[in-house]
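There are two complexes below, and they share chain A, which is joined by chain B in the first and by chain C in the second.
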Partner chain A sequence: MLLYALRRLIYLVPVAFGVSLLVFALVHLAPGDAISAIVPPDAPQEVVDKIKTYYGFDKPLPVQYFRWLAVTLSGDFGTSIGTGRPVAEEVGTAFVNTLILAVGATFLSFFLAIILGTAAAYAKSRTIDRCVTSIALAGVSVPHFWLAIVLVIFFSVELGWLPPMGLGPDNATGWHLDRAHLAHMVLPTIALSVIPLGVMTRTVRSTIKEILNMEFVTALQAKGMNDRQILIHVLKNAAPTCLAVMGLQAGNLIGGSILIETVFAWPGTGFLLNSAIFRRDLPILQGTTLVLAFFFMMLNLIVDVIQTTVDPRIKRT
Partner chain B sequence: MSNLLEVRDLHVTFVTPDRTVHAVNGVSFDVARGETLGILGESGSGKSVTLRSILKLHPEHRTRWSGSIRIEGDEVLSMGGKALADLRGNRVSMIFQEPATAFDPVFTIGQQIAETVRRHTGKSDAEAWKRARELLELVRIPSPAQRLKAYPHEMSGGMRQRAMIALALSCNPSLLLADEPTTALDATVQIQVLLLIRELQRELDLGVIFVTHDIGVAVEVSDRIGVMYAGKLIELASVEQMVDSPRHPYSRGLLASTVHEGMRGKRLEAIPGAPPDLSAPPAACSFAPRCKFAEAKCLAAPPPLRETGDNHSVRCVLAA
Partner chain C sequence: MFQRLRVAVASLGLLAMSAVPALSQGTLRIGMTAADIPLTTGQPDQGFEGYRFAGYTIYDALVNWDLSKADTIADIRPGLATEWKPVDGDPKRWIFKLREGVKFQDGTDFDADAVIWNLDKILNDKSPQFDTKQMAQVRARIPTLVGYKKIDKYTVELTTRIVNALFPYDMSYVFYSSPANWEAQGRDWSKVALHPIGTGPFKVDRVVPRERLELSRFDGYWDKARVPKLDKVILFPMPEAATRTAALLAGQIDWIEVPAPDAIPRLKQGGMTIVTNKYPHNWAYQPSMVDGSPWTDIRVRKAANLAIDRAGLAKLLGGMMVEAKGHVYPGHPWFGHPTFDIKYDPEQAKKLLKEAGYGPNKKPKIKIAISTSGSGQMLPLPMNEYVQENLNAVGFDCQFEVMEWNALVTFSFHPVTGEAAQKAGVNAINISRALVDPYSGFTRLMHSNYVPPVGANWGILKDPKLDAMIEKVHTSFDKAEQTKAMQDVHSYVVDQAYWVWIAHDLNPRAMNPKVKGFVQAQSWFQDLTPVYMQ
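The block that comes next holds the complex of A and B.
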């Protein structure tokens, strides 16, 4: 098992290389350049050239790429063109903030999805099944930024129960585990978990329904297993499929949501990416995209490894 | 010979919002300890439904049962919940047609046998695994200790079916229900499995009900054979009587449609037509529309199952 994980980790090296190339290329393929965003339009040419040389934009693209790669590999992501602060620092803080929401939303949506999906699959009455299916459908169809705004209007403006925006009280810049900070998390977490909840509920429901129709469930009944014991068998069979979908959803959440983070003024990666795009802040864009892509790859690796432990039919080759 | 199982006037009806199916329409038979009853019939004749009803394996909310099924005197049809679960896999166990799908794919064979042993005997985990090993030896699976750790997909079809038999025997049942256990297997493996079931049945003095659509298989394993058609037993007799002198036109047709030596060059005999729709209970002899001997009285009323001497019953007004 450990050997398998290690081998999969080595396979990630060429993928990571490809990702870095893609991240670099995408940023340079996009129209507009960073210099024109920070210098005034009437700046003299020598000033522009000086700045170009400072950031290395005067070199040919392949040279730029390998210089960037070498520096990045050493852990230095460069400095932000917009703020002048180190990219690693900016991305690091934003990523932690996004992760806080993502982890909360992941657990909330997966926990609810497993309960709702299983209940719907087991339900003998069609009403329960239809209710759950409707909830799931609403989850994937409701625009989540709209839901975010509705949540703010209802719980913050009308009822005044929960804070509408920000990481914490008094324009807090860091996150701490306390009541006030948790209260700020509630609404964004709910808004963020709606889509994965819908997707997961549908997956769990259909997977379990399919498994319940299999012969081995009848065979388990025929050997005297009770409903609780059979449920354990069913859930273990459903796990690989559900885990695969969960992995993708969790990956999306880690990417951060530009819309949700904007509505709640949550300083996460979505927020950071959004402003970096508008400022043509190439180092931030590259740094954030790279970190996110890397995390996505790791998450997929973890899901794959868990899948092979749960389902012996997936070969570990 | 005391009766292990007594089935009396069993009716099974499946009710869904769209339609109703009268799958079994008044079946009665007995099985004694140490006896193998073969139930022969084509697809949709109700043979599997009858078999599964003995463990009430059909979804409770869509199935209507009536009549009586008694195992060692205990009424199964009135059982539910824990009483039923205690019966299943313990006093009565079942072998399924397709061992590839009847095992849970994500648990090892050993885990699946051991959990059954623990469920019914309250043995410790170590004792249950020891018992599982003995069982694999009993069904002649080579290197059983290693096989216990194998997953179902790592075994061959024949080996899986042996493991399924081991599982079924794990709690010393008195009645074994076999639902076409050899249909999914290769011909050579089929014979091995048949012989194994026959041998274990004698060794352990089991009552066995063996459902099949293969006459050759039924003749090979059974002491008595019941032929089912449209949810009814239409003939019940010992193997010898059934082979030598089948009395129902349908049984005669079935036996005539088998292929054996000395038929080379002759035309195969087939029974024309298709089995009837079971959305309403039959009002006449169900086989009459396909029967070349059918007369007016066949269509007047459903014929009763009549004893025609020496434990041979037949459901046909024309049979002598």
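The block that comes next holds the complex of A and C.
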């Protein structure tokens, strides 16, 4: 197992290198440049040139890339052009905030998906199945930023039950596990969990339905096992597929929450990326994307390892 | 007995009522459009929103803006300098007398040394305190400042490259940070950004990147009439208009910048106050004036100006715009007396195009570079589509080159003859402009010496008569004479229809009715010191 994990870790190195190259190329291929975002539109050319030299943007792209790579490999992601703060610090704080939301949304969606998917698969009544399928379909179809705005209008503006934006109350800094901060989490977590809930519910439902038709289930019934005991066997068999999908969804939640974080002014990586895109803050863009990509890869590795642990039939090749 | 008690209780009540406003007038929470806290070290980024909330709050300039009136355009007034004047016989040298007794929020003195230190901070790259980021923000706003020296503890001499009567306006953009604080923060501007010290009416309590900027009243502020009434101001970056609206309606914040026009009825329904006022903002098309461009024909320019149904556009924006009648709006001191009446007259527009030799088989081809969003751009896509329909209706062949805001800004760094504009076939550009002072409003946009990269005369407008008129503004030291010269410039450019003027924004902001005392000045900047919470 350890060797398998190590081998997978080594595979990550060329992938990470490729990702870093891709990130750098994409950021530089986009129209506009970093300088225009930090100087007024009518700044004299001498000012623009001075800033270009200061940030090294006057160098050829390959030189810029290797300089950035060298700095990044040393663990220092450089300094934000927009704020002057260290990128590692900026990305680190934002990443933790995003992780808080993503973990909440992953658990919420996974928990509900197992219940709904299993209920639909087991349901003798077509109504329950149709209801669950409709929920799943709505989950994958409804734009989550639209849902976010609707949730805010309903629960914050009309009912006044939950705060519409921010990480916590006025006088707080950072996130703490208390009632006030949890209240701030509720709406973004729900909005963020809708897509994975839809995807997961469909996966759980179809996987369990498929397993229920397998011969071993009939064998278990013939042996006289009750429904609860059979369910445990079914869920164990469904776990690898569901875990794989959950891993991908969790990864998406980490990287794909720009809109939700912007709507809720949640200072995570999505919010950071949004601000960095408008400012053309290349170090932040590169640093954040790289960290997210790396996390996505690590998450997949972890899911693979868990999958093989849960289901020894999966060969460790 | 009881009567005396009643009198005593009533007196105490009155005393308490009169004491409340002076002692505690609450916390004001503002939702900004910026996605992050503006730079707090001295020269803010994030455009004029940065100047509004992290500039004139924490800092002062030598020359401040008078933001106390809503009915007239904001103009400059003494700030950290009490007076300024050019040296007799050598108008390139300016003497600024500094205000005595001003303290930074850390208790250190503001004096000529602090001025020189701060000018080195942005202009002298050999000085240890030189900060590229701050230099980038302000260098373009002080294009003529080339020298500075201390005369005595409270006098400095500043030198300009050319004779520039408008120089005091330029100095309203330079803020003064505490040199002692820079030392205390280990000579590190990124640390100063978290613990900035200025001389302004608000001091910084806390900076939480991307979350909030907390300011509180600076009781030792030098201008006792402008000591803030509020205890605290908390600024939240909230780039999404829907979020700002919801947060205001939910009571999480008290004031939002730039509500979406379609949200205004809902905000009013929710009991919020919508505050608007004219301010020197201009949403127009800046045309190419190089050979071969259809815009070189005054009849085409006039036709475009007459083709646009501005009243319809105002309706589209929920009334949140002033219909343009020129580069500045009517009532502005520089408006003057143009003879060309900019209005909606499609028949006249068609006639002018016909006179210019155009018709259904030969339409003037115009292609305008526009953005999808951006600072001051209002609602660029629906607005441009509306104008496009108007222009095409009178016989133009109007197309757009749509780009992201930052890309459009980069695009404007090169004139119309630049590679990008030529490749795209663009012959006009739509970038909203801040016409805060004569230089930013006219010189950099229309004088032939200010073609990019020197200035923002993107279309390469070259008119010696206009150049001479603008230069007259720069050499008019008498205020009335300067205003008259500006009126002449404005009247002339409108009569020549040098741009296609469409709208002036109304700078809407929405606030909880508990917010009192705010006067929305005709300016990009606003004063938070008279505001209090009821």
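The criterion applied here is as follows: the second predicted complex is superposed on the first by the 307 of 317 C-alpha atoms of A that agree within 3 Å, B and C clash if a C-alpha of one lies under 4 Å from a C-alpha of the other, contacts with A are read in each partner's own complex, and residues count from 1 in each chain.
Please note the rule applied: a contact is a pair of C-beta atoms (placed from the backbone, for glycine too) under 8 Å apart; a residue touches a chain by one contact, two chains touch by 3 or more.
Worth saying up front: this structure is predicted, and the values here are computed from it rather than measured.
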Partners on chain A (chain B, chain C) - clash or fit: fit
Partner chain in contact with A:Thr83 - chain B first, chain C second, else both or neither: second
Partner chain in contact with A:Asp129 - chain B first, chain C second, else both or neither: neither
First, second, both or neither for A:Glu215, with chain B first and chain C second: first
Partner chain(s) touched by A:Val263 [first = chain B, second = chain C, both, neither]: second
Which superposed partner A:Val47 touches (first chain B, second chain C, both, neither): second
Which partner, chain B or chain C, touches more chain A residues: C
Smallest distance from any CA atom of chain C to any CA atom of chain B, in Å, after fitting: 49
Residues of chain A that touch chain C when the two form their complex: 31-33, 36-45, 47-48, 50-51, 54, 79, 82-86, 90, 93-94, 149, 152-153, 156-157, 160, 163-167, 170, 173, 262-265, 267, 271-272, 274-275, 278-280
Partner chain A, residues of chain B touching it in the complex: 55, 57, 61, 82, 85-90, 93-94, 96, 98, 101-107, 115-116, 119-120, 151, 153-154, 167-168
Chain C - residues contacting chain A, complex: 27, 29, 35-36, 39, 41, 45, 47, 125, 132-133, 135-137, 139-141, 143, 189-190, 193, 206, 208-212, 234, 236-240, 242-243, 246-247, 249-252, 270, 403-407, 409-410, 412-413, 431, 444, 452-456
In the complex with chain B, residue positions of chain A that touch it: 124, 214-216, 218-226, 229, 233, 236-237, 310-313
